[in-house]
Amino acid sequence: MAFSIRTDMAKELREINPDTSGVEENNEQRGEIELTRIRLVTDEAAEHYGKQKGNYITIEAPELANRPLELFEEVSDCIKEELTKLLGDINENSMILVVGLGNRDVTPDALGPRVIEKVYVTRHIKQLLPEALDSGVCAMCAIAPGVLGVTGIETLELIRGAVEHVKPDVVIAVDALASRRAARISTSVQLSDTGISPGSGVGNKRSGISFETLGCKVIAIGVPLVVYAATVVKDTLDLMADELGKHEDEQELKSLAEQVISAKMGEMIMTPKDIDIMVEDMSGIIADGINKALYKESYDSVMSLTT
Amino acid sequence: MAFSIRTDMAKELREINPDTSGVEENNEQRGEIELTRIRLVTDEAAEHYGKQKGNYITIEAPELANRPLELFEEVSDCIKEELTKLLGDINENSMILVVGLGNRDVTPDALGPRVIEKVYVTRHIKQLLPEALDSGVCAMCAIAPGVLGVTGIETLELIRGAVEHVKPDVVIAVDALASRRAARISTSVQLSDTGISPGSGVGNKRSGISFETLGCKVIAIGVPLVVYAATVVKDTLDLMADELGKHEDEQELKSLAEQVISAKMGEMIMTPKDIDIMVEDMSGIIADGINKALYKESYDSVMSLTT
Amino acid sequence: MAFSIRTDMAKELREINPDTSGVEENNEQRGEIELTRIRLVTDEAAEHYGKQKGNYITIEAPELANRPLELFEEVSDCIKEELTKLLGDINENSMILVVGLGNRDVTPDALGPRVIEKVYVTRHIKQLLPEALDSGVCAMCAIAPGVLGVTGIETLELIRGAVEHVKPDVVIAVDALASRRAARISTSVQLSDTGISPGSGVGNKRSGISFETLGCKVIAIGVPLVVYAATVVKDTLDLMADELGKHEDEQELKSLAEQVISAKMGEMIMTPKDIDIMVEDMSGIIADGINKALYKESYDSVMSLTT
Amino acid sequence: MAFSIRTDMAKELREINPDTSGVEENNEQRGEIELTRIRLVTDEAAEHYGKQKGNYITIEAPELANRPLELFEEVSDCIKEELTKLLGDINENSMILVVGLGNRDVTPDALGPRVIEKVYVTRHIKQLLPEALDSGVCAMCAIAPGVLGVTGIETLELIRGAVEHVKPDVVIAVDALASRRAARISTSVQLSDTGISPGSGVGNKRSGISFETLGCKVIAIGVPLVVYAATVVKDTLDLMADELGKHEDEQELKSLAEQVISAKMGEMIMTPKDIDIMVEDMSGIIADGINKALYKESYDSVMSLTT
């Protein structure tokens, strides 16, 4: 079980299973940014991929690894545009709840809580001092519910508690993802309108966060920040088996893998050494994309009110 | 308005108004620790002090400033004993919710969230793997709801959301307090069975967290971590006026004070330079007191399961 | 001794002693920024102020408290200009050592170490890959030597060790300062060409860091981040004494002060609650001013190489 | 070049090359702790292993992964004993300099700087207040010189600067290590009397830190905190080649490996998700071992003076 490819990226599931029917794919290059839009159309395709039916947009910018500030701006603009489409009509009566999933004290899992610190919350201003906001500005609030191991409470329960009080039109859930490819770590973003599947994500297993469980639209935004060690070994073995024409002997490969991957290593992650910096960078880019999508031309005035 | 003594300590309100009737006081010295038990008996006394009726226990250990490890242990034992009395009967069917109030990114307000990281949560173990726990162990869970300025949501609303899902028998709310006396900073602890009054606390104003608003017993634990600058100036002026026999001229004193305390300074706090270390120390002591009170002889086995 | 006004700001010493001779002062308003240039000309003036002879430039921008990004830029440009004048001729053969004084684990003392993390060091690139740098770019390196209580070594000794190996033309020493006025906290910057006096600064006492002790030009850049509690009490008492015509009775005032200021409080500082954010903001502004002053038109290319 | 096994552990080099002559090995089990003492006796053995001649002691305690506090104590006692032997005669005239290597802002490289924060420095007390220390207590001071990419200065240069001023009898250099085995991450410690080889360590390449470069005895203490991704792939391929009897075709294996390991992945590390916690734990254990070895029966009194 530990010996498998673990990925949260629809684009990678597509790479592994390119021939699954019921999947639509669309690609676009925008300067240094590559966009891949994958749509799981049928229940069969969704089940085959182990993900919900719906839209998955991957934004990839390999040059992010070199940290050029202009590209930060371009990627957050790109997130803004894709998020705007997923959000649909947002107006001054809209209420948005941003949920930062993950454990703030575990760096590769801290993306969500870090984004929460950087979005511009307006719900309380709207309640207490509405005249300070431009007309047309929606209300946004934000929580970082923590993880089961720290709170003792299912993340979904805490989000539900907040949803019942805040009654948002849309929940935007931000989370760290697992990828299959080291090159995608901290250089790509995935948006989807499907919510978050049960058991997915870098951190602890969790119940699905979705329209079904929350009663409102859920948009997920994620950044791949880890590759599981087991994935690396599995990829290495598969490649070698291909080359040596040994792929038929599935059982022997598994037994080999188990010699390399101890139980301990299966839970280890592969990550760049400067993951602290990458989480900081990417949380800023995501928060900026959200702020721009929600506040549009009022972005500057909201920023000066809230920071 | 800024020109006043701001304190959350019942003991200090008693020092300022020693003659208020309807207040009971009891003192006890235990080694280096001084205990003061104040009980606001009548509605009049409560209103006069601007606090709820009920019990306020102050644990003071001036030597904590020198950080002797044995005293850390003694103070957490003392918290355990007082908390045990306030909790009443706790058994394996009890559910406790610890709420860490305050802003984790503002050091003098971070006590609550830091305590949350250090208590031993058991609720999820009780649900998923109950046989791992000794019989008799209660369930505990813990949240740090954040502050209004960061989440856009009233703290009370978020706590209510959690309470509705968790249905605790007791909420233990941990918060940083304001004191009048520099010497009490990080060397004392206040426990009470009255909940937390509206507008109290170091951080943002908040609605009361109490039996009335949550529907279950609320125990508050706080540590004084700041003295407001305005309090220092007020104390200085009062003392000088006393000495110079000028106390009658209230208006002149106010006008003097306003020259020293600008609007800006009124919001400033006085704090030891090593506040980061003090918050770390005190959050450990408080968490340990809570862990001992809840888990008693199972403390060690719960610790080994949860850390 | 604890009962005195403690300030590291030449401008405040001037306010307290406006009639001292041997002092030149010059003022300039630039948009929202006020510049005050004070020159201690004579040995008598220097001794009277307890500071070295030389130039002290104060940059004040009260609006920084509201964190407008454009002003951040204007203040760092202003630092660039003043620093450029103090540096004199800098060229591609120049070697600059930036020293971040203070204790990184004590927030109000962490300015120096935080600046070090944000300056663009080039010395190693110049040695290992000189062709990557534009012609004309000087070499810069940076250290945070820590404080005596943590290292057990006098800060000056560690700086000397680095100076002997690096042989810089100029040392730029960055430090947190004490101010008399709450309104100046985190809204002003002081530059000087005099080095840092013995025993000055927020943190531990230290030997002077100056041409005399290091053998090269020393420029100091500081930001007031604390007001000592003793200063607030002293100011309050002085003001009251003035008003009440009691200033002659120095002894009585002192005895009053000693009742308010315990030994403990004398060491306490007054600081805004959001000091963590302020240190972050100001360290960015200072680092940016240094980067601009050293790299001028090559600022962008050096940034892309080093971040 | 990226395609190789990277390890700093003498025990692992021995595992890979068990037949190299000129190596002595000795094993001892102490409760849950396994000790392996390896001695590189000849120049040939040292060159073959790419390490200095001398003693390498590995302390392994797999149960550390479960964080039992008693074992923390046992491991630090074990470090104390081995370090005591390596230190030789230490008395009240001895001067020890502890150097924490690595980058404090990159979690898997932060071990050294974190140890520095936890050792009890006494050098300044010995100079300023010698009567406060028990007789027989040696002087210790501590620095974290940072890494080349942040300071622009070779680590060795900064250490030399400190050594020239402090004139220590022994330097204890603490660093994070690379291992070949996931199971050793944060569960083992390596001590040696050989200093640190050039180019070794997790962080940036650095010149050797040794008797040759510093002029005094150098003891190295390290904890494996990363496995390089390239090492995992190499191990997987080797194992598969063994099984499939394809080991002779070195060239084909290399070409396979290069398909799995991109340049990017070669620099990635494999690490547990909770590396932040592990670095915190291990830095405490190492610091405690050093404190016990240096201060022996005066450990408690030194602690109360310095924390």
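By written order: A, B, C and D. Residues from 1 in each chain.
Note that in this section a contact is a pair of C-beta atoms (placed from the backbone, for glycine too) under 8 Å apart; a residue touches a chain by one contact, two chains touch by 3 or more.
Treat the numbers as computed from the prediction; the structure is a model and nothing was measured.
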Between B-D and B-C, which chain pair shares more contacting C-beta pairs? B-C
Where the centre means the average of the CA atoms, what chain is farthest from subunit C? A
Intercentroid distance (Cα basis), subunit C paired with subunit B, Å: 37
So the centre of each chain is just the mean of its C-alpha atoms; given that, what is the distance between subunit B and subunit D in Å? 43
Per-residue overlap in subunit D, given as positions that touch at least 2 other chains: 105
Subunit B to subunit A touching residues, read off their complex: 105, 116-117, 121-125, 139-146, 148-154, 157-158, 160-162, 164-166
Of subunit D, residues touching subunit B in the complex: 66-68, 304, 307
Parts of subunit D lying in touch with subunit A, wherever the complex brings them together: 65, 105-109, 182-183, 185, 202, 226-227, 229, 232-233, 235-237, 239-240, 243-244, 246, 252, 256, 259-260, 262, 264-265, 267-277
